[in-house]
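Two complexes come next, and they have one chain in common, subunit A, joined by subunit B in the first and subunit C in the second.
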Partner chain A sequence: MSGIMIATVVLAVIGIVVGVSLVSVGRKFHVDTDPRVTEIRDCLPGNNCGACGYAGCDAMAEAIAAGKAPVSGCPVGGAPAAEQIGKIMGVDADAEERKIAFVRCKGSCDVTKERGEYVGIHDCRAAVLSGISIWECDYGCVGFGSCVSVCPADAIHVENGVAIVDRKKCIGCGLCAKACPKHLIELIPESRTQAVRCSNHDKGRAVRNVCNAGCIGCGLCVRQCAYDAIHVDGNLAHIDYAKCELCGKCDDKCPAHIIADLREGN
Partner chain B sequence: MTTYIMIIVTCALINNVVLIQFLGICSFLGVSQQMKASVSLGIAVTLVTTVSSAVAWVLYTLILAPLGLEYMKTIVFILVIAALVQCVEMFLKKTSPAIYKALGIYLPLITTNCAVLGVALTNVQDEYNLLQSVLAGLGTGLGYTLAIVLLAGIRSRIDESDLPKPLRGAPVVLLSAALMSIAFMGFSGLGR
Partner chain C sequence: MSRTIKGGIHPPEHKELSENASPRVYEAEGELIYPLSQHIGRPAKPVVKKGDHVLVGQKIADADGFVSACICSSCSGIVKAVEKRRTNAGTYGECIVIDNDGQFTEAPDYGREVSCDDLTNEEIIGKIRDAGIIGMGGAGFPTAVKLMPKDPGAIRHVIVNGAECEPYITCDDQLMRTRAADIVEGLQIVMRLFPHAEGVILIEDNKPEAIAAMTAAAAGQEHVRVVVARTKYPQGGEKSVISLVTGIYTKVSELPAEAGCIVDNVATILAIRNAVRFSKPLVRRMVTVTGDAVKTPSNLIVRIGTNAEELVAAAGGIREGVTLEKALFGGPMMGVAVADLSVPIQKGSNALTLLAHDEAMDAQREMTACIRCGRCARVCPMGLVPEMMAEAVERKDYESYEKKFYGLECIQCGSCTFICPAKRPLTQLFKIAKAEIMAKAAKKPVPSGKEDK
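Now for the complex of A and B:
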């Protein structure tokens, strides 16, 4: 018998012996746990992203069973998971709608210009800490992809210097929002498809000077809105998602076209 | 007899697993916040190192060496240690849920604690016999317990003192561990 065969067989035998003894020890020292923990654990997605604030799905399941966490506490599982867990726990899941990450910046390479050159760690947080402003706009996306590296679902990518979310892949965990040093990423409900793609609070002229796709706070959108859902606050348009009826008139009038229509096909 | 006592002293003090060999740092820094948890982790590690030294010696001498499979020692030891830790975990869960909870994530982490694997591999390297291996495992575990309990004591006093802001938390713990390490260097003359 060749060496590799002996090695394989020996390791397999040791593995089997260890496995069998583990099973017998496990039977002997079996502890009855709350059966709901296992059931809840099965309803959770199981990718241990930690977005709920607990150390993984097991810890979350225990917290839910102990009544310390809400049944809708898992942002990834969203409404379906909350409903199932609600059934196990015997409570109504007034589940929140699934949320999707949204990058409030449209400053790609062709609309804004580079100001300084940054040579260093290729990471947004490091670049922001260095104090060098890479782009003319101080508010915009750095484009080094700190959000990309934390995304567990491969749903956010830097394209042409600005991060873009793949809405189909996004699981709504919010890790990118925490990672972004410019606080550009926001979680908005899935059905809310109108959102402002700019975060620049400067006055109109200052914004124009640095970016062709920036909100100049002109207020044309406010006048278009029949539902009182969009307001300009601090030279930047904000949409009140509770009031917005998704008519899309605001974007038709927006001179910079920075109000995104996130419906499929756009 | 002197050899056996010397092995324990060497493993516990002169070659202290944490402070001189720098193995098992993760749980050393992670669990030392509470005295009770660090004592129980020390006991758990001591138990695992002692038993795994014996099992590793048996497996190595009776199975691996005769078959010429010495190169397999690392993977086999990892397998055995992982299983042992699992057993300890189930045992603790059954017998004392409070300690099980206090240890939390660090109990399964003994599986990947390089201190435990380090002892098993060093025993083979030093060509110890069964009794010597077990004593080395016991000594290492005691050394680990000593180090983590000392650090837990220091940390409980640090928590009460008024530190400059930049030193609070991890920095002062690392500094204390470094000073402990320097202090343990003093044992290096003990063996002669």
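Now for the complex of A and C:
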């Protein structure tokens, strides 16, 4: 027998043994995967931003398929994604409207003054932890851009000392809202275009002392509103987005011009 | 060879500015402000309202819960308001404001002498609690809580912390020089609560007069000794003090009582003596007003709640020809910078350091990348590796920071930042990391932001 025959036979035997054992092991330890995971994964945006609270879109898809997360759990995909996923999962997607980040502060360098000079890490959290109040207003935007550094969509920028959201680019993941140490960023429904750009709860005069653009709680907006959608609570105007009919009268009357009309594009 | 701690640094002391300035009493002129949260724990609850007339030593805010401390008025006058005022933490906090009538009329019981032998241990602790005494070295932990460990018999050492390792500050030094006998009396009162404890007075060797005064006062007293340590920062930190006296290293999560120790600052011990023996609540403290921007650096005995601006004026104001670049509550290592001085002196305010030159600004300008020299690890009193910790924080890897590098053990003493030749803001990074980890631990570990439907 020639050497080549021996080699062929040995290899063939090894091949058969390995093949048979692989098939039998594969059958014995078979794990049922949910085919829906892949389908759900295809519906998700794929940013892997982590805004849902899971490690990424794959982890989120698994969690939805396992019923651990709601079908509307992806804030970026919003209603369309939730609807598609709802079809796959066979449930009604009572998804909320897509949301967009909004910074409740208008305190740019022109309207408020610097109080203390901060030296250290260029990060809002670090600055707030240092205890130094950099701006006259204790409630306002610090302006070091902790929100900018976490934004996966390049949709928020610090301009003239205050963060501004690019509504076209914002994917509504809410990471900036979590990063802001002053809790200034709010996610508001896309269709809601009136929002209060101030977070100062102090009394009128105290606000005026620290910022020219702050809400003084005068209540003019409340009197304008025909739909009972705006109220002054703790010296600060609040809009009830469910009631607001977007007439824009509050905005026209506000002496401090802090009610933003987002229709004009910021 | 005197003993000292592992690690640590020796920054320029600058104590010569005020160490020989004899204490002066300064009486507040303007309104006095009492922040409700001067201590660790729940803020105190006001028991007076606008328009009430109060006397010196009268309780104006009561402790809210077990870990809290009451506040007593340090002047007589009318309560002007209970409102938000700026405090030395930089932000607004709820404060009681009293319009000082300048008479300083004392409450009936104030200053009544009591013999210690007539009091039970519970009464002593009760008096300390009612005096609103908190740790006066800066941390502000309510002292009455500290003096009630689970097993008083297990306490072996009552340590009077007179290390005062922070540069510039000299108020504890002056207290030990001028009130040595009273401090030993205070120590004896605390030792009465712990039957098996010996009293240890810890002083650094840069304060020879204080050592001499305390040694003389402690002579002939049973179970009291003075321990001299080589000058080093952060030797006055609680963990360092304990390891120095007992040789036991405690973790940040462990209380001193677990190592059989009670550690109190000299000012706290003196306040305990005044409260127990003379029924005087904590209404005054010594504050060092120092720094190269001050005309006459002084050690002032002031009423708590006094506006810091008044103190600067009492110390001669700002020197001619210099501008005040940086104002710190506390010393340059652990102190908190303030943007304006119109804030009140609190129970834990040991010094006001006014500097004509802001070195932190230079440091930021000169900052470079880490050169891996390892000096930070050599000086860390907790035996950590700040370089690796900082790297973990910079890549937001808080898990490694906590589990791999034991970052929560950091006491934020600033030694690593001080020694770093690359001028990296190490301590600040650790501050962020600790805040992040604490915030995460406080929240429930639910991965989804929304409730499951």
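We take it that the second predicted complex is superposed on the first by the 231 of 266 C-alpha atoms of A that agree within 3 Å, B and C clash if a C-alpha of one lies under 4 Å from a C-alpha of the other, contacts with A are read in each partner's own complex, and residues count from 1 in each chain.
We adopt the following convention: contacts are C-beta pairs under 8 Å (C-beta built on N, C-alpha and C of every residue); 3 or more make two chains touch, one makes a residue touch a chain.
These figures come from a predicted structure and were not determined experimentally.
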{"item": "Partner chain in contact with A:P35 - subunit B first, subunit C second, else both or neither", "value": "neither"}
{"item": "First, second, both or neither for A:A63, with subunit B first and subunit C second", "value": "second"}
{"item": "Which superposed partner A:I14 touches (first subunit B, second subunit C, both, neither)", "value": "first"}
{"item": "Contacts of A:S133 with subunit B and subunit C, given as first, second, both or neither", "value": "second"}
{"item": "Touched partner set for A:G3, first subunit B, second subunit C, both or neither", "value": "first"}
{"item": "Subunit B versus subunit C as contact partner of A:G73, first or second or both or neither", "value": "second"}
{"item": "Subunit B versus subunit C as contact partner of A:G219, first or second or both or neither", "value": "neither"}
{"item": "Contacts of A:G234 with subunit B and subunit C, given as first, second, both or neither", "value": "neither"}
{"item": "Residue ranges of subunit C touching subunit A (in the complex, touch as defined)", "value": "84, 89-92, 336-340, 358, 360-361, 363-364, 425, 428-429, 431-432, 435-436, 446-450, 452-453"}
{"item": "In the complex with subunit B, residue positions of subunit A that touch it", "value": "3, 6-7, 10-11, 14-15, 18-19, 21-22, 25-26, 29-31, 55"}
{"item": "Complex contacts: residues of subunit B adjacent to subunit A", "value": "59, 63-64, 67-69, 72, 75-76, 79-80, 83, 86-87, 90-91, 93-94, 97, 105"}
{"item": "Contacting residues of subunit A [partner subunit C, same complex]", "value": "51-54, 63, 68-70, 72-73, 75, 94, 115-117, 119-121, 123, 125-126, 129-133, 138, 174, 202"}
